[in-house]
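Think of it as A, B, C and D in the order they're written, each chain with its own count starting at 1.
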Amino acid sequence: MNQFEEQAKIVRQEQLTPEIYRLTLKAPDIASNARPGQFVMAQTTTSYDPLLRRPLSIHQTIGNEQVQLMYKIVGKGTRMLSALTPGKTIQLTGPLGHGFDLAGKDAICLVGGGMGIAPLYFLAREILRTNKPPKCTVLLGARTAAELGPLPRDFMDIGVTEIFLATDDGTLGHHGFVAELLPKHLAPENKWTVCTCGPHPMMKAVVSQCRKQGDECQVSLETMMACGISACLGCAVPRSDLSGPYLHVCKDGPVFKADEVAWL
Amino acid sequence: MNQPDLRITIGDLVFRNPVLTASGTFGYAKEFEPYVNLHHLGGVVVKGISLEPRRGNPPPRIVETAGGMLNAIGLENVGVDRFISEKMEYLREIGTRVIVNILGDSLEEYQTLAQRLSEVEGISALEVNISCPNVKKGGVAFGTDPTMAEAVTRAVWAHSSLPVIVKLSPNVTDITEIARGVEAGGAQAVSLINTLLGMAIDVRSRRPRLANVVGGLSGPAIKPIALRMVWQVAQAVKIPVIGIGGITTTEDALEFLLAGATAIEVGTANFVNPRASQEIVEGIGRYMSENRINRISEVIGGLVLS
Amino acid sequence: MNQPDLRITIGDLVFRNPVLTASGTFGYAKEFEPYVNLHHLGGVVVKGISLEPRRGNPPPRIVETAGGMLNAIGLENVGVDRFISEKMEYLREIGTRVIVNILGDSLEEYQTLAQRLSEVEGISALEVNISCPNVKKGGVAFGTDPTMAEAVTRAVWAHSSLPVIVKLSPNVTDITEIARGVEAGGAQAVSLINTLLGMAIDVRSRRPRLANVVGGLSGPAIKPIALRMVWQVAQAVKIPVIGIGGITTTEDALEFLLAGATAIEVGTANFVNPRASQEIVEGIGRYMSENRINRISEVIGGLVLS
Amino acid sequence: MNQFEEQAKIVRQEQLTPEIYRLTLKAPDIASNARPGQFVMAQTTTSYDPLLRRPLSIHQTIGNEQVQLMYKIVGKGTRMLSALTPGKTIQLTGPLGHGFDLAGKDAICLVGGGMGIAPLYFLAREILRTNKPPKCTVLLGARTAAELGPLPRDFMDIGVTEIFLATDDGTLGHHGFVAELLPKHLAPENKWTVCTCGPHPMMKAVVSQCRKQGDECQVSLETMMACGISACLGCAVPRSDLSGPYLHVCKDGPVFKADEVAWL
């Protein structure tokens, strides 16, 4: 297994919005092995409270040296992480799990909501690099414009041309949910592969729309995780038929085919 | 000075060092191959195995608490047949002792498991989890009654050629009573503690944070309780005691050894730092060198009372 | 909307709100005068009082642990006579309910204490600490045997005109058994949990960190265990349950209320933040206003199980 | 009781030596009521690990507004405290306990060892301000010169003229223990009051020397403390006759007459 435990030195800690941070870490083993959709378990403190490491998607790798994470402060762990300054070192385990599967796909649509956008940036870069000609449509949603911060710009900067936005409060782009953009922007003449990551209700709506349109859909799931390395069995999710052994997000995922898992 | 000698003995078994990994926190060892030199460990205790495969509890199964975590995995496992056919091949090659943790809902299940596993090459010992409810006796855990605990121990012991370690539940009034019952039943060693029963509620949804409502508390939060119980049990029985509960650092491990544990198991710490078990092996060696201690036996039970 | 109604009732006693302070963590209330508006609290439970003054254990008496602390104060107190003559005058004037925690080594001691304190004006109820060893019965704690627990309760109840709250020890296999014993003995309420027995060792000196070797674990670390026990006991008895154990924030208090506690006691949190108890009173009020809950009774036992 | 609970804003966090920090906090209620020898309970983190606040002596007050603490990193709590930056706020309870008793004393000798020097600075300032003429001799000890950092200078800057040093390794001043300086520097014609704070063995030696010389001695004791406000009864120390109720450092001390307490 190409998994590593690294003492990762903090290179940069950038505050993008009042709640969103971008953290750049020196972690060559993880950087040179990571695939879009994979994640790391990041230490947030040397204290025993919070005790557990936090799962964070790889936002991008920079060369074969650096790993970038993008995270939102939602509780103790992410708050402690945001207080760390360049030069400090944290332990990082990764790259973990299975990423998105791009083999043989040509028309790919990325649908991200909130912090679920973080791994899609890495994915977009990979698609633009490998697919010739690259066909990559990006749909981004958030509650409000401020929550998206610099993300739409970032996608444009790397060459994504088809990018459409939606906000729940209409402060940017479509006034409504991002899933509502799918029928409009996915030309039915293509065989689309939709890759989505974001809040559960959003992904559920995307999956349902994909089913309607007959498009393949890959989803990146989140659960509570104690270990991230398939040891605790805490990250169980039910299979689509609700029977048989549970799937485990850290090992079988975090990216699943939408039809593998149950949408309750 | 020579390299310090970390070897310990349980029954007739010699272990390279006193550091094992706790059941349910180290998968089937393979999961830790990227992080730990498995053959540097004293041994690994694999995830609890039952006769039939178990799905475990529905999610959410874990929740973090102050200095600890609750789990209600519900003993999800592949069952003894698949364990033998799929996991043992790898485990035989890891170069350290393999202890198989077993669990059942009735005496018969424990017996059958003991029998099956005794025939398998590469297993050093059984660790019997008696925290499970006895389905036939109205669901009271085997581990909360000294007579029942003795009976399970005897059943396993009588049906197995392997050394039997019995793993005690801390959710009892007097753990030394249970330990003595288990000793009388023929156990070669006791290991303790398993998790403490706990609960957490999400005040927004007003629902339990675990689908199973209650779960087992582990991690640094429980260390003081575990250490006290290990100290009590070490005085109460003659067989070796394996200390478990919140062990995260070398110092933690040493506390348990000083309290009388012959060996220790690293549990939740494996989640927090996958290299924890190996770091503790190294740390104990360093502590011994620095303090000019030749043999680990000089540490075990070395608590000074004035 | 009106101000939410936080009042709760235990027996015939109405409390302004469900937030009390735990025995041994709030002195005799005066210590907190600079920090808390005492009359904003539901009540205060004073440090455990015995018949004779007690010196307590030699130092060191406390040690910090992950998310908690161990204490082996050893029930140091001024004795019932000095308590009445020196502390009650102040306590009568603080404008909230005063509950006196009592402890003894024999049934007779509990009886005498109950009698003495019933004659004193300004006391709302007794809280009976049954975690102490019964000297006559070979030192087994009153609180670990349902029959003994029932007997102490009955002894206090029969010799006192005050409502009797019995405080349960968590160091037992089945706390609901003890709670039922206590209920049968005539208790108006149970409070739980007292501390969990724990231990810590200094690996440099190889000595216990507490002169008394073992001590009681309290603080956030034990909250999951306490909450589980409160939930179990609330289902097992008809009398009100007072929840204790690691309560530090408003959310913690709400968890206990949702699990079925009629009131809660703030303990170790008073050390960490002397204003904790009052902040929790205010926090519960805010939670109720925000969620348009008129009466605290709508929160109590409001856990949703699917 | 003049005790307060304050949300104290960090004004300055200065690193004096690799391990010693000086922290300046805005805490007007505490500042305007503090006496030399009193202490505060300081929050070091919002995490539950470490759980308890830490007792720290008041190093000095600045006007009626600021409180200064001087502390050494010895474990988790002090390390977390040292990571806090100006602008952040911590909870502070104080001023706590009884300070040094200077009433009617004229020849005063301060004997400090290691971090025990922190409260003596506040005391020296108070003596220089109130005693006319001030007679204040200061003896400072440490394991090695570096441990004293800027402290000797600080005492000189406020006008202490009689200041003598000792280091265990001889890197500064007398090579040996600070208690050994007492017979040399305390002129026997004066009736001295010795005020001492430092490691237990040092204070024990000072007390024993004072007994020999017939000088009064006040000692500032340290114990583990959970509350600092006389609620937990954790800070017990035995009386000199080893019987009767224990004394409690946070309430009866931290400053005691040397003869009140047992020297085991």
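Simple rule for what comes next: a residue touches a chain if its C-beta (ideal position, glycine included) is under 8 Å from a C-beta of that chain, and two chains touch if they have at least 3 such contacts.
Please read these numbers as outputs of a predicted model, since none were measured by experiment.
Common neighbours of subunit C and subunit D, by the contact definition above: A, B.
Each chain gets a centre from the mean of its Cα atoms; for subunit A and subunit C, those two points are 47 Å apart. Centre-to-centre separation of subunit A and subunit B, using mean CA positions: 36 Å. With centres taken as mean Cα positions, subunit C sits 34 Å from subunit B. If each chain is reduced to the centroid of its CA atoms, subunit A and subunit D end up 53 Å from each other. For subunit B, residues touching at least two other chains, in rising order: 66-68, 219-221. Multi-chain contact residues, meaning those touching two or more other chains, occur in subunit D at positions 48-50. If you sketch which chains touch which, every chain touches every other chain without exception. Those residues of subunit A that touch subunit B in the shared complex are 1-5, 43, 48-53, 91, 93, 223-227, 229-238, 244-246. Of all residues in subunit C, those touching subunit B in their complex are 65-68, 70, 144, 171-174, 196-201, 203, 205-208, 213-214, 217, 219-225, 227-228, 231, 246, 251, 254-255, 258-259, 287, 302-306.
Across the complex, subunit C meets subunit A through its residues 66-67, 220. Contacts from subunit D toward subunit B in the complex involve residues 48-49.
Against subunit A, in their complex, subunit B makes its touches with residues 24-27, 31-35, 47, 53, 55-56, 58-64, 66-69, 71, 73, 76, 219-221, 248, 268, 270-275.
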